[in-house]
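Sharing a structure below in structure tokens format, with a few things to ask.
So that you can tell them apart, the chains are marked A, B, C, D, E and F in the order they are listed, and the count of residues begins at 1 in each.
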Amino acid sequence: MREKPISRFPPAEFAGLPKDVRERIEAVQEKSGFVPNVFLALARRPDEFRAFFAYHDALMEKPGGLTKAEREMIVVATSGLNDCLYCVVAHGAILRIRAKNPLIADQVAVNPRKSDVTPRQRAMLDFALKVAVRSHEIDDADYAALERHGFSDDDAWDIAAIAAFYAMSNRLANAFSIRPNDEFYAMGREPRE
Amino acid sequence: MREKPISRFPPAEFAGLPKDVRERIEAVQEKSGFVPNVFLALARRPDEFRAFFAYHDALMEKPGGLTKAEREMIVVATSGLNDCLYCVVAHGAILRIRAKNPLIADQVAVNPRKSDVTPRQRAMLDFALKVAVRSHEIDDADYAALERHGFSDDDAWDIAAIAAFYAMSNRLANAFSIRPNDEFYAMGREPRE
Amino acid sequence: MREKPISRFPPAEFAGLPKDVRERIEAVQEKSGFVPNVFLALARRPDEFRAFFAYHDALMEKPGGLTKAEREMIVVATSGLNDCLYCVVAHGAILRIRAKNPLIADQVAVNPRKSDVTPRQRAMLDFALKVAVRSHEIDDADYAALERHGFSDDDAWDIAAIAAFYAMSNRLANAFSIRPNDEFYAMGREPRE
Amino acid sequence: MREKPISRFPPAEFAGLPKDVRERIEAVQEKSGFVPNVFLALARRPDEFRAFFAYHDALMEKPGGLTKAEREMIVVATSGLNDCLYCVVAHGAILRIRAKNPLIADQVAVNPRKSDVTPRQRAMLDFALKVAVRSHEIDDADYAALERHGFSDDDAWDIAAIAAFYAMSNRLANAFSIRPNDEFYAMGREPRE
Amino acid sequence: MREKPISRFPPAEFAGLPKDVRERIEAVQEKSGFVPNVFLALARRPDEFRAFFAYHDALMEKPGGLTKAEREMIVVATSGLNDCLYCVVAHGAILRIRAKNPLIADQVAVNPRKSDVTPRQRAMLDFALKVAVRSHEIDDADYAALERHGFSDDDAWDIAAIAAFYAMSNRLANAFSIRPNDEFYAMGREPRE
Amino acid sequence: MREKPISRFPPAEFAGLPKDVRERIEAVQEKSGFVPNVFLALARRPDEFRAFFAYHDALMEKPGGLTKAEREMIVVATSGLNDCLYCVVAHGAILRIRAKNPLIADQVAVNPRKSDVTPRQRAMLDFALKVAVRSHEIDDADYAALERHGFSDDDAWDIAAIAAFYAMSNRLANAFSIRPNDEFYAMGREPRE
């Protein structure tokens, strides 16, 4: 199965990539033990690669009102809605690890309404899912619902921006048939202590 | 998390169940090492329990043109489409085990088009998914597509009947909020040899 | 028109059917004056036939909080939504007879919101229709709405289970092109006294 | 049941209507034995009444390539899709009478794909249903499909125009809750000779 | 671009049209400086032409509780929803002129929720859009919402009837590929004083 | 109208922005004569601003197989589908200018099927629209359709990536209620010579 192509576009030759792109890929390889296929697939276009991961880091890695696990919940829930195999499997792994919860990713991907999230997280996901599929109907009532659960204006921005960024990522991964690495499927599934 | 209710309807008291229902539950406990929650949830209504599992066995356990793994693929694919957490998680486990493939269940649940199935299996899933959501549009062309992949009339019946039976099961599990047992999530995920 | 096939699968030879299946068919023939085509179509698979009708009887014939006419309303409303010709026509006839109302079946099949039902029945149909098409979104608010109209927990189970069972039946009848008997169309249409 | 309001807007006082409107209503009363409620409901606005029935007559009564029964098939099929109780019931009656077929109206209203129509009529209905719900996608291929079944350009115009006119009628009847007269439900249901 | 056909049906020869049809066309030519293509396209069928414009005038030109600009808002909003190029472009021009607002037509066509309309106009558009796409779900609550904004029963009728009439017009223009005249695109776009 | 807020999030104070962000804003001001509101709205988050415009430039400004006008067609068509007022109005202006065609933007925004594009451009838009709303169904047949019109693999990447990037942008603009500058509405509408 390892022989399956990682995307319908042949990945760039690693040696021929710009230095900063290679360094980014080597860093993730070092941290994760393997290179997630999205890195190799997007490296075919270095400028887009740089913008994509700069955007990713700005939304997913910086300090803020949402925990990193909560941000991954948004990714998994909206990717589930968009039927994006790469994002559900890869970010499902990250969510399990960040939330230290082996069940949450499958729950949130299949049906957030039945997942073991707090009411505050449920409100966060409701907002994110509306941004994902009916953003033209977002109005004051949606922001008010967030506020009732203690989310600030900046939190609301984060939720919307993460949902929007993965609306893009889901479409890229789906259109390019980016294949999730086999490693992701089982990561973080060991029971919590 | 183990304390979470298995369904929004309190399960029947085990001791008070009819003998045949108890025996069925004890048999699955012995075989699986735990009792899948759908058994306890439906036992509240013994006649419905009996009919449900008789129907299940007639479709899923008898000899036929579809392998048992293929039948589970139909269950997981249509349950994914119907956002049924119980069925995706429980039958995902069974599919991984029966197909001896730790990746297939997540693939089929999220997007059958990107899954590692054969073209014949893909045709089977296309038919099943149409039965699941647009059965009123099924026509001769759909049966002809199955035939081109070598499926017999009886195979076509099986595919349709399994998709239809899980259309019912998905709605029961969703409406009753039947919770998948924690055990299912990690089953069958160890790499194949 | 009588010559039209009753289903795209040739029906089983009556004489070759197991005794219990034959008896069930003879009983309905005696009661109705004709054999509804769903019996002949499903008899091709005796085990599935037995489970199907055992399930049907458990939901539609036993005593309970819903009248038999109300149960048929659920069948006709959800079958209308699923564009199932067999179920709308056959159960439309049964509904007219059980409700002693020659208008109700067409009303409920086309648009339950414009039908001559009580507000309590309208709440029952709203719940059933949500189970039929958006069961993954069923939540506490839906059960609370039933409770406000005096439905018990067991009534809620019945409504959901009937909607779920006909989700299956509709898909079988649609996928197999089971043709409603001509007799059904005019049954129960004579004006009430 | 006769006491139910014919529409959510109180009908005009008959005596106060303009002469031509009264004459039109008296003519249909004489012909049908009762006044279909749409006449009374729309008479509240005489100018709209006149335009509505002038348009109706231009499409439904003039000579042309489609039989009158075929035109009613278009009405019933598209009204079924739009869940319009008034139009399905009233025009279902007219269709049964014009087609001398007691079964056809229910078939076409619930699922045209399962109805006893000719392949040519099926092509006609496919075109009409696309006009009814996805007219923005109509293109040359849809006209070519009609042509293959022998429909002329003027026939295509008629099919589209009837589907469009009933798109309007369905919305009026739905929004105004125009109630079909009880008489319509049973009309034309006696078996053909 | 002027050479593009005005519709997929060749327009009628002007000289051969009935006198009243010619006069109507000459009147609009005189008033607008050009003949909107819908006139030429529909003149192919004089009886339908007469009924169409009689209906149009009854709804759009007579005195009433809605301003003429508000009526055009309904047309543009519902036509946007139905992806009708002719109606969005032609009535967009009329709306800009009648509302003396160069921005309003694009806003209402793309997303009425983000448009510079009053809350009362927003309620009017919400009702119209529901008639356009989900008229079978219109109920008392929709009328009550209008009433809260001061709309009378006759205003509600007007809103529904305009939305219904353009449900028809949109389908005719889409199915017949009626091309908006080039003149419409820029009309009324000069800034207001 | 100029006083309307440019977004539901207050824009950043210009003077307090990082130098590179200010320079980018000054550059667009110089080029366009005004600052499009999306620049001010996103500047609230400098890192996201930088990534957004770096991505934009990589897709929209670099040399490639698609003309700049064609890239804007993709933006306008997909933004129309997503009901994004900001993107339809702002990029509609850019499209009119780049295509030197005052009609094309409204056509493509309302219904690409009725627009004055070449068959090759129509294939490009069909692919882009599928990425926008059903990316999980993109498969080899979609790429083959592009290839038949002479699009290279890199062109296909560009089409998909632009559609995906504006899936994000549309959601940001919708969720944040970014208001299109009044200047955009009339830009590029003067007739071509």
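Everything that follows uses one rule, which is that contacts are C-beta pairs under 8 Å (C-beta built on N, C-alpha and C of every residue); 3 or more make two chains touch, one makes a residue touch a chain.
Small disclaimer: the values here were computed from a predicted structure and weren't measured.
Peer 1: Identify the chains adjacent to both subunit C and subunit E in the sense defined at the top.
Peer 2: Common contact partners of subunit C and subunit E, which must touch each of the two, are A, D.
Peer 1: For subunit C and subunit F, let me know how many angstrom lie between their CA-based centres, rounded off.
Peer 2: Here the centre of subunit F sits 51 Å away from the centre of subunit C.
Peer 1: Please tell me the distance, in whole Å, between the geometric centres of subunit B and subunit D computed from their C-alpha atoms.
Peer 2: So the centroids are 44 Å from each other.
Peer 1: On a C-alpha centroid basis, what's the spacing between subunit A and subunit F, in Å?
Peer 2: 24
Peer 1: Can you list the subunit D residues in contact with two or more other chains?
Peer 2: 83-84, 111, 114, 136, 174, 177
Peer 1: Can you work out from the touch definition every pair of chains that touches here?
Peer 2: Result of the pairwise touch check is A-B, A-C, A-E, A-F, B-C, B-D, B-F, C-D, C-E, D-E, D-F, E-F.
Peer 1: Can you check the complex and tell me which residues of subunit D touch subunit F?
Peer 2: Those residues of subunit D that touch subunit F are 136-137, 139.
Peer 1: In the complex of these two chains, what residues of subunit F are touching subunit E?
Peer 2: 1, 4, 80, 83-85, 88-89, 92, 102-103, 106-107, 109-111, 114-116, 174, 177, 179, 182, 185-186, 189-191
Peer 1: Can you check the complex and tell me which residues of subunit E touch subunit D?
Peer 2: 8-9, 44-45, 47-48, 50-52, 54-55, 57-59, 62, 82-84, 131-132, 135-136, 138, 143, 153, 157, 160-161, 163-165, 167-172, 174-177
Peer 1: Okay, in this complex, where on subunit F does subunit D touch?
Peer 2: Result: residues 111, 113-114 of subunit F touch subunit D.
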